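Pasting the structures here.
Each of the next two complexes has chain A plus one more chain, namely chain B in the first and chain C in the second.
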Partner chain A sequence: MSFVSSVFSSVGATIAQAAPDQFGEFVRPNIDWFAISPELVLLAVGALLTIVDIMLLERGKALAPSLAGLGLLAPLVPITLLALDDAGTRTFFKGAAGGAYVVDDYSLVLKAMFLLGAYIVVLISTNDIAEGDYWESEYYSMLVASVLGMVMMSSARDLISVFVALELLSIPAYMLAAWKKRDARSHEAGMKYYLMGVFASAILLYGMSILFGLTGSTVLTEIAASDAVATNTPLMTLAVVFIVVGFGFKVSAVPFHTWAPDTYQGAPLPITAFLAVSSKAAGFVGLMTMIFVGLLGQADAWEPLLWVLAAATMTVGNLIALRQTNVVRLLAYSGVAQAGFMLAPFAVGGTNPGDAVEAIVVYLLIYTAMNLGAFAVVITLARKTGSAELSSLGGGFQYAPGLTVALTIFMFALAGIPPLGGWFAKFEVFRVVVADQSLGAIALAVIMALNSVIALYYYARIASQAWFNDAPDGDNSPVPVPPSLRSAVFICAVLTVLFGVLPQTVGRFGELAGNIAGI
Partner chain B sequence: MENEFLTDWGLTLLVFAPLIGAAIMAAIPRESEGSHKMVALATTLVTAAIGIWLFVDFDYDRAGDLQFVQDRSWIDLIDSRYIVGLDGLSLPLIALTLFIVPLVIIYSWNHIPEPGNPKAFLMLILILHTGMLGSFVAQDLILFFVFFEVVLLPMYFMIGVWGGPERQYASIKFFLYTLFGSALMIISFLALYFLSDTGLVPAALAETTTLGEHTFDMRALPAAVSGIASGTALWIFGGMFMGFGIKVPMFPFHTWLPDAHTQAPTQGSVILAAVLLKLGTYGFVRIAIPILPGAAMSWAPWIGGLAVIGIIYGALGCLAQTDMKRLIAFSSVAHMGYVMLGIATLTELGINAAVFGMVAHGLITGMLFFVAGSIKERYHTLEIRRLGGLLKQAPKMGWILGMCTMASLGLPGLAGFWGEFPAIMSAYNPAEGLNVELFRFYMVVAALGTVLAAGYLLWLYQRTTFGTPSEEFEDDPNIHDLGGPEMVAWVPILIAIVLFGVLPGLILDVTDPAISGLLAASLGG
Partner chain C sequence: MLLNQFLLLAAILFCIGVYGVIARRNAVMVLMSVELILNAVNINLVAFGQLHDVTFGHVFALFVIAVAAAEVGVGLALVIMIYRNKRSVDLDQVDLMKG
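Take a look at the complex of A and B:
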């Protein structure tokens, strides 16, 4: 119900705003239905979930998770076909230079990442949501709507389509964060997230409006080609700062990260995973598109800004993470620190944007696998212990050796220890930063090196709890692992190890994404 | 080199065979402890057999060249390739690894430390095995880095789960120190990559492999980075110095070592002393010096200086210790000082001595840790002042400890002598361009260090084995002489210590061509 109307209005807005002739008679733009078929499939899945809920009522609940899971995998078929298609980049609403909505390799790789990530989220949600007596069908429709926003974000190349995609992915997430209806913490989580998110949107919108005023266009490639972007004016700098800050909230960059720990701790754990991974990744995708496609000419303005943000984000995130005793809060702060690493390529991205995009996309792909895996293990262990305190992990190695090994894989992958996936993500960032060879870049590389060491301390602390200590209450009975959680852990672990041992598998996708249309 | 299978697959099989064993063990339930021990032992023996097969097929007349080279694509995105090869420099270290690990597993037969679980314990040793073998054959910086780091996790868990009372502190300290070094090292590797120009690589090599614009190929890098500014090279060498120097460990980065050694289970200490420390010194000889010989020249006096400080500091540290295992750990700092001094001279003699020293130290100190572990098992303490009269209570063990202390202090006729003496001698005449007076001063200090070494080792021996047992252990039924697995694990090491002491040529003949080749290519002879 709400799903269909909200989605239709936002897709409609995207299509309508870019009508070719703004002042003449409306001419229906020529739409390449094949290119937007992934979005259309998702839209259909969302509608189907709503209809099933209305038609079958209680009986429909049991269907919802499988329907949502399969529905999220279905768009991978058109995505694969589009990727194999040789027609090259498909552009919608073409302007003087480029268009407002673009389907290129970059967007296809990211769309696949968002869909697979969301599939894992559905797997880890299944039991939690069913057992928690929550609104089930609505939960999955909201999730699908949010994923649709992310998928659109991958293709958005226009101020308005970027903004619409951002809102479409955020608004359902605000509600999902408050989904535990009888838990005040969850309400706090949703409220905090909502207020901060709206505030960030306002700042972003203000930056965009200045940008539109200066350049006279909403299409990013036209903005890039305009004279205003090539000249340094105070107003232009202001626009850049506002746009970076707006996305800074979304990716929880320091000092705009304060909502993250409370929201993560209060929200249902699968939604925490969704926010920490997919939603953050979507923020990065939006930032990449805006910065590299639209504002490349303003590199002098955003490079130093993002240098400071990157260094501050990784350092502050790590130092606060050191003091956490709750695993979910710890993962929240560690996610802040990880975001700092993903921001680092921006700080040197002005000279070679393709390489920076490649590094960030590789990081996002690996981060999705390892961080979702980490959450999947924590959720599984929390089913037994009923707590997410660090000390509750004790004894894991005795009663759940398999899960403990998986937890170890994910933690040390996040820490960047070869041969687990995370090392290549960090390596790619190091590579791009060191390639710049300026003094600032080398300094950033050294800061990153020091932060890797700090991060290892708390990641090792989580893993070592399960290995070195005994169960707090001496209860060594095995953990029941539902099949959906088992497959989520398994898929993530296999991908994490595969990405680490054969990095070319993930590097190839990063390389494809580096050919982002328009730069 | 006729055997096609070995050329195509030998080294890969060697490196990954332990992992196959670990995978088999993963499938066996935890309760059947006997079969875990069998599988682990069989795996290491098969791995050793593959190694021996390679050694037999190895062309010793061309020991300076890389043999059994495999060059396959791995991460095209960053021009990193899967390149492995065996030459006279890696061969002794591979042999040492293949020799020590099965003995460690035999020793584990009835010595699984608390809290048990041989399945996990032995699987970690096998993963460690792959990491160590891989590091010694990798010929690509990134591949080397990955293997270099693979050893961290198993060792971390070995210390942390099966270690002594301070195990958590010791394990994380070990991990953080090493990671700090390797994080700076990877920045250096990247800088080398970006400054490399594959146009400078000799055609003979470039034709046999695939080179991008830049490269991580260790064989190509010395030529490819020959054009970089000397100031930049100094910084890059500094990063690698941190990575390898912490691993060695050199003074002042050695502080993780006594903690790690003291807290690690016996098997962990043995592997750590015998093989892991060598990864650092091997890195200097294989990577840092050949690739950046100019920077090595500038750094050599400082490395030499830190090495002799390490020798004296380690020795003084030994004299102050009250715990036997901690004492042996400090003696490692001193011994690795000799190895680093040999390397710092940048001469053929010095580096040959260093490689010999690595093998000798691996055998001798590994053996000392074995004995210490067995003493701990019997007396439940390693407090030197409470021990005594070992020769009376367990005469065979007492004699073995005596032989090891003699070997460790560098008695001629045992392996330790050939690591120490030539290293000191090489400092008399360092490579051309180095400050001769300074290195002769280092030589004098290092020679004094041997006197101290004799002092602390003999004193240790006297206090622990002579005299009569203290009252508390006089009638302890737990104290008995060597058991079966101990005998089987130790005798081969003792034989090797004597063999290499009498016939040092067994190692030096293999290493010399490789080292003179490396030096000729980088330092011009």
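Take a look at the complex of A and C:
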């Protein structure tokens, strides 16, 4: 070590001698390695997966899922240590006010959510990817790279780091959506997702460039403190609109949702679960950070915009979901509708941003558990029937009673029936929206209530199909459930019920996340 | 400084790019239109960076260039994959799923 440092210092001295005016003594930037250790562990896991693939070739394939699973759980150790640490908020690249990369309670809660969600996705993937026509080892490296982007997104507090995190999580996801080697539908899914994704990030970037031009800074807390954000100019409004639209694609808000059903249907099913849950959650995290940390002063511009987006998203998503006959497309549109509920707190977030963040994070946590669970059950049943049509669920109760009960739990949780998790998510959103007491907020609450009722119809339709109908082909042989899928369904079911029966557990995490640094 | 000209150029490029993404049906042309938007962003960033006399704008533009290269790499791979299947890169023919 001393040799390396002496080489570096001598090189530094040489440069300093060569041009004494321009270069001083090289000073190593002071980096808080502990704070970024979750990211570093994840990076190491990604590298390890690639190395194992190169070194062991075929034998490495069998190791990849367990390595990726353990690797996604490993960063939870430093995250727990950071959460227990009393040092408070840790900031990187400090500017005049705040920094570009922040590790606070908000980011730690979200990082843990992304890692656990991705772990469940690995559990769901293990058998499907091993048996299908896929590149197996690369699949897990891509997944880990995408999760690294999400973990970075939780901490990003700067236009550049938000953008880089968004692309890091998106680019591997484009490839994963097209991962079925010889399936034209999967290619189509990847292509549509890719084109919409790059177009959205280009729009987002244009908004960011205007925002940077008006404020002269890329750090969100400095942007928030600048005069430009406090004044309403047409250009500022344009920047806000572009930024919201850019993230609107990512979270599949109506009218930017058109890619979602096709991509979900064509992509490998575990990736559909990943896109519908983790990728969407990452979009919400980015939107929350941009809106509440950077653009709080522009609430007059984004509140009405997000009101319209929320109302349109939940209504259109629900109405189209009603007439779907494919379970995956139905879950895609139901995901669109759920995104509408998550957008609702934004519409009233200008007055009390902490509460809005709390409600959104609680919703994201519960949504992750129940929606991943729903996909896990659908994937397990599809292994027997080979189809994702609604009618193929028939007879489920006769040959897979346990799975059918789990499916019912997840569907009623998504519909928001107590005592399952979903009710608390919806309750938190209602609480925040109604607390605003303006006419617009009350109207939004009424729209939400109506949509909850519509949603119950199609969620119940999925469940009743499995309970009361017979198998379409009369085949009642038991469905084989591999251990990894079994544990994925089990973990999701336990969390969904736990969050509903003891809402203070998830509520506590929401409270922690509400203490977002900078607002 | 002649900031207006740069911003105007960027706005025009942006509009051409958005038009191309919406109107063009050839996948490669759509990719090129996205590149136009990204370059409009780069012009904006560098011009604003000069205006405020800070380096963030230039750094941001470098990041955009690097990420755009990665994006286009993935995009062209997808286009080739579809071309091998269909012998065409017409996006109107990529329509197996609807509804």
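Just so we're on the same page, the second predicted complex is superposed on the first by the 491 of 519 C-alpha atoms of A that agree within 3 Å, B and C clash if a C-alpha of one lies under 4 Å from a C-alpha of the other, contacts with A are read in each partner's own complex, and residues count from 1 in each chain.
Just so we're on the same page, contacts are C-beta pairs under 8 Å (C-beta built on N, C-alpha and C of every residue); 3 or more make two chains touch, one makes a residue touch a chain.
This one's a predicted model, so the numbers in the text were calculated from it and none came from an experiment.
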After the superposition on A, what does A:504 contact: first (chain B), second (chain C), both or neither?
first
Have a look at where A:149 lands relative to chain B and chain C in the superposition and call it first, second, both or neither.
neither
Would you check which partner chain A:46 touches, where first means chain B only, second means chain C only, and both and neither mean what they say?
neither
Is A:167 contacted by the first partner chain B, the second partner chain C, both or neither?
second
So, A:270: does it touch chain B (first), chain C (second), both, or neither?
neither
According to the stated criteria, A:395 is in contact with first (chain B), second (chain C), both, or neither; which is it?
neither
Between chain B (first) and chain C (second), which does A:187 come into contact with in this model arrangement: first, second, both, or neither?
second
Once the two structures are fitted together, what part of chain A is touched by chain B and by chain C alike?
none
Write out the stretch or stretches of chain A touching chain C in their complex.
159-160, 163-164, 167, 171, 174-175, 178, 184-185, 187-192, 194-195, 198-199, 201-203, 205-206, 208-210, 212-213, 216-218, 261-262, 265-266, 324, 329
Flag every residue of chain A that touches chain B in the complex, lowest number first.
358, 397, 401, 408, 412, 417-419, 423-424, 427-428, 430-431, 434-435, 437, 442, 445-446, 448-450, 452-453, 456-457, 460-461, 464, 467-468, 502-504, 507-508, 510-511
For chain B, which residues count as touching chain A in their complex?
30, 73-78, 120, 142, 145-146, 149-150, 152-153, 156-157, 160-161, 167-168, 171-172, 175-176, 179-180, 183-184, 186-187, 190-191, 193-194
Residue numbers of chain C touching chain A in their complex, please.
7, 10, 14, 17-18, 21, 27, 30-31, 34, 37-38, 40-41, 44-45, 47-48, 51-52, 54, 56-57, 59-60, 63-64, 67, 70-71, 74-75, 77-79, 81-82, 85-86, 91, 94-99
